[in-house]
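Following this line, the structures themselves.
Each of the next two complexes has chain A plus one more chain, namely chain B in the first and chain C in the second.
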Partner chain A sequence: MRLREVVVAVSVALMVLLLAYVVSAGGLGPLAPRELRELARSYLANAYNPWNVTQSSLSLEAVTAIVWDYRGIDTFFETSVLFASIVGVSLIFRGYRERPGIGGRGLSEIVKTSTRVLLPLILVAGVSIALHGHLTPGGGFQGGSFIAVLLVLATVVFSLDFLVERGLASGRLLALRSAGLLGVLATSVALLAVGLALGIDAYIFQNMVREGSELSMPQWLLDRPTGGTLLFFNVFEALAVAAGLALAFLVLSLREEEVGEAMAAGEWHE
Partner chain B sequence: MIELVLVAAGLTLIAIGVFYDFVGAVGLLRLPNFFTRLHAATAGAIGGAVVPMIGASLVALGAEYLGPPRFFLAGAAFASGLLLMILAQAGSHAIARAAYLSGEAPREPILYDALEKGGGE
Partner chain C sequence: MEVVPISIAAIAALLSIVATYLAVRSRDLLAAVVFSAVQSTAYALIYYVLMAPDIALVYIPVSVGILPAVTVMLVKKTERYEE
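Here is the complex of A and B:
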């Protein structure tokens, strides 16, 4: 080890130490305030407030309450943007066709065996994160990403045939993705439809009882709060995200024989 | 008494983990080629993460002042250690196999190559 390397290592360590000291002393601007602002305090007080349900979403997770209830329309459009990008990916690659049995062998037997141990664990973790989105940190997007990672891992380790043989070809994934998005849409207008049928006032994206509307989503499942629409939103969002991300990865990992026609179309345009 | 034994055993395992992490870091810097450096990194992952994780679960079991939640901590730490023990070596194996088969990583210095003589695959 030369003297130069030692000097570089020591000076980098010193710089990190000094920066940490300066930041913790507030030298690079103020730290996060200890007192909550009025807006944050009102959200925290109202996210789970069984004494004043007209302002509340009865969700123990304030972040999920804000994302899917207080600003639900924003989140709906975020989900739609992701859907549009998935549509774009499959549009660029149009003309491909999955052919099972081309013969990708995947990785070695050691990796396959340890992945078989892991796959059910990832599935359980993803589903529980999605279902507990209104109780603990996490939610539909995070749980759906877990399940998408599961499908991507299976594709890398066992080859693309693993998904195609189990009926998760790209057409089916796109259908699942659309079903998830339609479920989100249906949940957001469910109370409005009921209100129109019964002749009661109701709102779009309505969750609990609101001012001027008696309608409410179910608040309790057995002895657990459901957060009304939040449970449904999280489940459908998980379905949509898992299918969408897996579809994007599947299209990107197609083999040469399968994208042949798509590539030929590109050359024809040139 | 049993708590003290548990905490002492856990702290011993964590100290062993520190040693493995140090050895792994030195090996990563000083060993001559890709495969030996990967070996050092895996030693750091197994000895320096799995062993202290099990040690942490023993410490959590022995720390009575934490109350009943200590069983959740202990179980989570033990399960994470077990999973990492299965997965860290599988990942290293996949990387080493890909590097060997593609021939991208230089194999020198080498004493004996069982795969080249038809021992593997």
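Here is the complex of A and C:
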């Protein structure tokens, strides 16, 4: 039995290697060109271009510039899809509320102490990834999922009761999640609203000065570039993702006693 | 050509195949979760080596942190061993 498993694993690996050889020889269609295409060249030239701001987003990170500026509406709908799935989870478990006093009190003291050292490090990493999204690799989603991992880790190690006693609740997470999404929405129409109020032309998802519009988001914070909307988008996205993922984990970890309550509430709503 | 990064990616890919096979074959569901986390770690390494640090940064917390946590939670609600 053991030998058979090894043989199967080795043959699968061999098959993948052969497939990789076929692909690299161009057997499954043409390979991607090694030189940059025109589109990539223009993104790279314009992501941080203070000499031609009308086509630039003044972001040192081209990926974030593409994700939240050049292709901002796509990303907005991606965020909305995640939000809709969180809404679905909380709709199925409507009436769910954490009840203190059931379940364990977390893991052993050794694990708790070492986690106490670890949690601030994860928090700092997540916040810095989110805040530096327009300068270094990363951004709102990455930073937000780091912070969500922090909440999941704290739930497992310190027990749910410990956190509920200190004010964690699924209702509050849902409110944070909605605040994050509203912030993304507000940032995307901020310049349009200012333009309407002042009678100047402006665009939705406008970041810097564009052709036909002189409005611009703040370009510098002290001596650092902010990337205009990118900083705001990253902060709000981090908030929304952290609260959303933590909410999903919290609701999925519900206990027997709470299931009954949630079901009863669901029947009451019907 | 850059030989070192591509060979690192190849080794990580082979490791991920072995981990995936073990995850599918394992009758102990907790062990299957761990194998799938190993596979995710290998993928995160591949993303990093192929110059996609943005994807690596999102892949590590989601598929090594949150996904195994949720799956372990679900395994706890059913049974640990597959029939």
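The definition used in the following text is that the second predicted complex is superposed on the first by the 227 of 270 C-alpha atoms of A that agree within 3 Å, B and C clash if a C-alpha of one lies under 4 Å from a C-alpha of the other, contacts with A are read in each partner's own complex, and residues count from 1 in each chain.
Rule of thumb we're sticking to: contacts are C-beta pairs under 8 Å (C-beta built on N, C-alpha and C of every residue); 3 or more make two chains touch, one makes a residue touch a chain.
The structure displayed is predicted, hence computed values, not measured ones.
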Answer with first, second, both or neither: which of chain B and chain C does A:Ser145 touch in the superposed model? second
Check the residue A:Ser178 against both partner chains and state whether it touches chain B (first), chain C (second), both, or neither. neither
If touched residues of chain A are counted for chain B and for chain C, the larger one: C
Mind working out whether A:Gln55 is in touch with chain B, chain C, both or neither, as first, second, both or neither? neither
Can A:Gln219 be said to touch chain B (first), chain C (second), both, or neither? neither
Classify the contacts of A:Ser114 with the two partner chains as first (chain B alone), second (chain C alone), both, or neither. first
Shared contact residues on chain A - chain B and chain C: none
Chain C contacts chain A in the complex at 10, 13-14, 17-18, 21-22, 25, 53-54, 57-58, 61-62, 65-66, 69-70, 73-74
For the complex, give me every residue of chain B touching chain A. 83, 86-87, 90-91, 93-94, 97
Taking the touch rule as given, give the residues of chain A at its contact with chain C in the complex, in rising order. 5, 8-9, 12-13, 16-17, 20, 63-64, 129, 137-139, 141-142, 145-146, 148-149, 152-153, 156, 245, 248-249, 252-253
Write out the stretch or stretches of chain A touching chain B in their complex. 107-108, 110-111, 113-115, 117-118, 121
